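Shared between the two complexes below is subunit A, which pairs with subunit B and subunit C, respectively.
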Partner chain A sequence: MELFFQLVLNGLTLGSVYGLVALGLTLVYGILHVPNFSHGALYMVGAYVAFILMSNYGVNYWVAIAGAAVVVGVLAMLSERLVFHPLRDAPPIHDKIAAIGILLFLEAGVMAIWGADFRRMPTPYSGIVDIFGLTAPAQRLLIIAGAFVLVVALHLFLKKTILGSTIIAMAQNREGAALVGINATKVSLLTFFISGALAAVAAGLFAPINLVYPAMGHLVIMKAFVIIVLGGMGSIPGAIIGGLIIGFAESFAGFYISTHYKDLVAFLLLVVILSVRPEGLFTKGVR
Partner chain B sequence: MLQLKNVNLNYGSFRALHDINIHADEGELVVLLGANGAGKSSIFLTISGLNKSVSGSIKFRGQELLGMKPSQIVEAGIVHCPEGRKLFPGMSVLKNLILGAYVHRKDKAGVQRSLEEVLDMFPILREKKDQPAGSLSGGQQQMVAIGRALMGRPKLLMLDEPSLGLAPLVVKQMFEVIQRINQSGTTVLLAEQNAYAALKIANRAYVIESGRIVMEGDRDTLLGDERIRKAYIGG
Partner chain C sequence: MKYLQGKAGWAILIALALLFPLVAGNNYQLYVMSLAFIFAISTAGLNLITGYTGQLNLGHAGFMAIGAYTVGILTVTYEWPFWGAFAMSGVVAGVIGFFVGVVSLRLKEHFFAIFTLCVGFIIYLIIEKWDSVTGGTVGIIGIPGPAPIGPITFDSAISQYYLVVFFLVVSLWLMHRIVNSLLGRTFIAIRNSDDLAQALGINLMRNKTLSFVLSTFYAGIAGGLYAGYVRFLGPDLAGTHYTFDMITYLLVGGIGTLMGPVAGSLLVAWVTQSLQFLQDYRMVVFGPLLVLLVIFFPHGIVGFYYKKRMEREMKKRAAEASRAQAVKKEAGTNA
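Right after this comes the complex of A and B.
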């Protein structure tokens, strides 16, 4: 029972982080149809910004995460303005190449400024919490709670506010959105900001139980792509549920099969699910 | 009120519109007649600012529209209800209508007033207001599209093929609605293939063929014209 609980907790933790990263990816895909390969690098920059704010400037953990969210959000907006926007009318392959370019640029940039060393991010929540006689590391609970709060907030923003609705409107019908007077440029910038901020928060939450290094985004972004393909490209519930599926699968496979193969599970699942449901699991879901 | 002068439009090397000169006066209902692909939608999309590589001049109440963003053109008072409706299919009918008033979003009371007007005009939408727009029948979706356009409180409303693909009875209702909108003071530009029904409610009309205006005149002239009868009305 204790062990099962640990595995569930572990799955929820991974699922929360993957879900947050995948959410940003799917939002951007939904409105621009750009698979943003540089999203993993934004995640990595988020971890670095939070880490540097804490270790060099002694900033509080939460303030550091908020700071990272703003910095990475603005960085994502810059990438839209300076790179994706000018390519709007170019053939679709150009966006993809440019996205990989941003990825390389950000990784090289981080390496040049902060070096390639592995670093450990401190957390004020390193303790163990006792719930119902079961023990759990506080940071993991924090990740789950943090992701939950963010997802609920994002849901309310998209469904209940006019500004949020413009993002969904543009995803559902770009021309219709322009004809009611929604400014496509503003919506794109807003979406990129949210996407970047989500990645940075995910990184800030996850980094203390992981390491901070320039290539830390690689596996995360690959899995996030698996998740949005599974969940249906552009589907928000798909990203969340897909994230949990991959998180749980990894957690359980890591224990029952082998930790060496845990990273393989996501991709194996992708192959299996796509051969059964090529359209993704939630393509019919309301976006 | 609206005046297009020598408007040309290119899609790549293909010239879709040749020297279009049309105008609509305050309160008029002006019809654009033409077959599929004649250029009716191109004219509308150009006025709405969605087409690039346009030359000429498009003036609305003295203001040059060419070079303005689609959102600015909506704010200026021109709302386009496009062919194929372009609704937000996953959103409720109500949400579609509310987004139609996007440019007036700060005026909450005004939006509520427009909403009541639209729901009074299309009572069926009141019943279906919480359903996803994509789940409605074609005629009901067209009502949502027109309703969404009206929520923008247009001074000039452009309707692109509102009767396309609808049952004959629904088409009749649609034209009655359009006439009512026009009578309440909104200037209407209507693109139609259904020439007879459109001409009957029109003040004036233009005939478009292969991206050119080939004929223009008031309702009675065109209804009585032999070529129009042959080409668009039949018999």
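Right after this comes the complex of A and C.
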């Protein structure tokens, strides 16, 4: 029972982080129909900014995460303005390659500034919590709670505020949104900011139980892509459910099958599912 | 620039490649050039599926690694002769490419790109984790170089360079035949619009799979050459950054053009050499370069050359047409 609980907790933690990253990715896809390959690099930059704020400037953990969210959000907005916007009418292959260019630049940039070393990020919540006779590391509970709060907040923002509903309107129908006076530029910028900020928060939450290094975004972004393909590109609930599926699959496969191959699980799952259902799990109709 | 076309153009480019060792100051320059040519072969394969058929394959380096490991495992573990193993490198990559293609090519655009990205990563993880066969993170060392064929040996740097040039020329010539055949035009039709191609009676799945298998065959052969040239292998070769490198070559040189992959890999290789002081940070330069190329210069060097040539011809034709009209008018007034 204890073991099972640990596996569930582990799955929830992973699922929360993957879900947050996938959420940003799916939001951007919904607006621009660009698979943003540079999203993983934004996640990585988020971890670095939070880490540097904490270790070099002695900033409080939460302030560091908020700072990282702002920095990465602005970075994402810049990438929209400077790269994706000029390419909006180009053939679909071009913006994918441009996204790869951003990814390469950010990774090399971080490596040039802070080096390629693996770093460990400190956390004020390194303790262990007892609930109902079960023990859990505080940081993991924090990740789950943080992800939950963010998802609820994002949901309320998208459904209950006018600003949020402009994002949904534009994802549903670009021309229609423009017709009723929604400013496409503003909405794109806002979406990119949210997506970058979500990635940075996910990185800041996850970094203390992982490590901070320039290639840390690779696996996470690829799993996030698996998730949004599974959940349907552009679908918000799909990203959360997909994140949990991959999180649990990894946690349980890592224990019952082999820790050696646990990173393969997500990709094999994708290969199997897409072989059977090329349109993804939760999408309706043909693409 | 007329002399760069047709048979004369081929002869000039081949002669330049053959004469390079006379100009090269040392073996290191030959090494850089040979590696650039090996990657040009692999990039030519990527060009077929991405540039001509329009499907962005982000797992291409994985297939190159499959070819390289085929040579490495067969020669080191099973003690095959080099050329036998080399022949298998393209075949193994092509066969695996066939199965990946059958599944992945049902997906369109973004889904195909994401799927192949994952396939590349699966290949990387398998190579890294499957210690007993691939040597895991340590890799494979002591791969024998190309065995002598009759009186020709491949011990010196120059002879190895010529061997690579030979394979590059053969691959480019084959690619030239492919893209100028009905098959190549079919691929281009699919790139331009797969709905329209289908309406014309083109079997999308069969042609896309064929293009994918051919492209992975090229990657496999390039990998086999790489294994015989560098003599040691690590799982790194399957990493996504090699795929991204090849995409850079493709864009710099010109996507969807025959000589683009060669022009791109040569230029990037030499620019990288002159940016040695940047070491691992060279992407600080190449990342933004990639973005700028895609935005302002999407057809690369070779594409730019073609565009200029076309503009000149259009101008010439327009001038001729106006002259003809003037003559006609004159004739009209005289009559």
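Heads up, the rule we're going with is that the second predicted complex is superposed on the first by the 283 of 287 C-alpha atoms of A that agree within 3 Å, B and C clash if a C-alpha of one lies under 4 Å from a C-alpha of the other, contacts with A are read in each partner's own complex, and residues count from 1 in each chain.
Going forward, contacts are C-beta pairs under 8 Å (C-beta built on N, C-alpha and C of every residue); 3 or more make two chains touch, one makes a residue touch a chain.
Computed from a predicted model, the values in this text were never measured in an experiment.
Touch criterion not met for A:81: it reaches neither subunit B nor subunit C. In the overlay built on the shared chain, the residue A:168 is in contact with subunit B alone; subunit C does not reach it. By the touch criterion defined above, A:262 lies against neither subunit B nor subunit C after alignment on the C-alpha atoms of chain A. Judged by the number of subunit A residues each one touches, C leads among subunit B and subunit C. By the touch criterion defined above, A:155 lies against neither subunit B nor subunit C after alignment on the C-alpha atoms of chain A. By the touch criterion stated above, A:101 is placed in contact with subunit C alone, subunit B being left untouched.
In the overlay built on the shared chain, the residue A:178 is in contact with subunit B alone; subunit C does not reach it. Taken together, the two structures place residues 287 of subunit A in contact with subunit B in one case and with subunit C in the other. Considering their complex, residues 162, 165-166, 168-169, 172-173, 175-183, 286-287 of subunit A touch subunit B. Those residues of subunit B whose C-beta lies close enough to touch subunit A in the complex are 48, 50, 69-71, 74-75, 79-82, 85-91, 95, 98-100, 102-103, 105, 132, 148, 151-152. The part of subunit A that touches subunit C in the complex is made up of residues 29, 33, 35, 37, 82-83, 86-87, 90, 92-98, 100-109, 111-112, 116, 218, 222, 225-226, 229, 233, 260-261, 263-264, 267-268, 270-271, 274-275, 278, 287. The part of subunit C that touches subunit A in the complex is made up of residues 50, 54, 56, 103-104, 106-111, 113-115, 117-119, 121-122, 125-126, 129, 240-241, 244, 247, 251, 280-284, 286-291, 294-295, 298.
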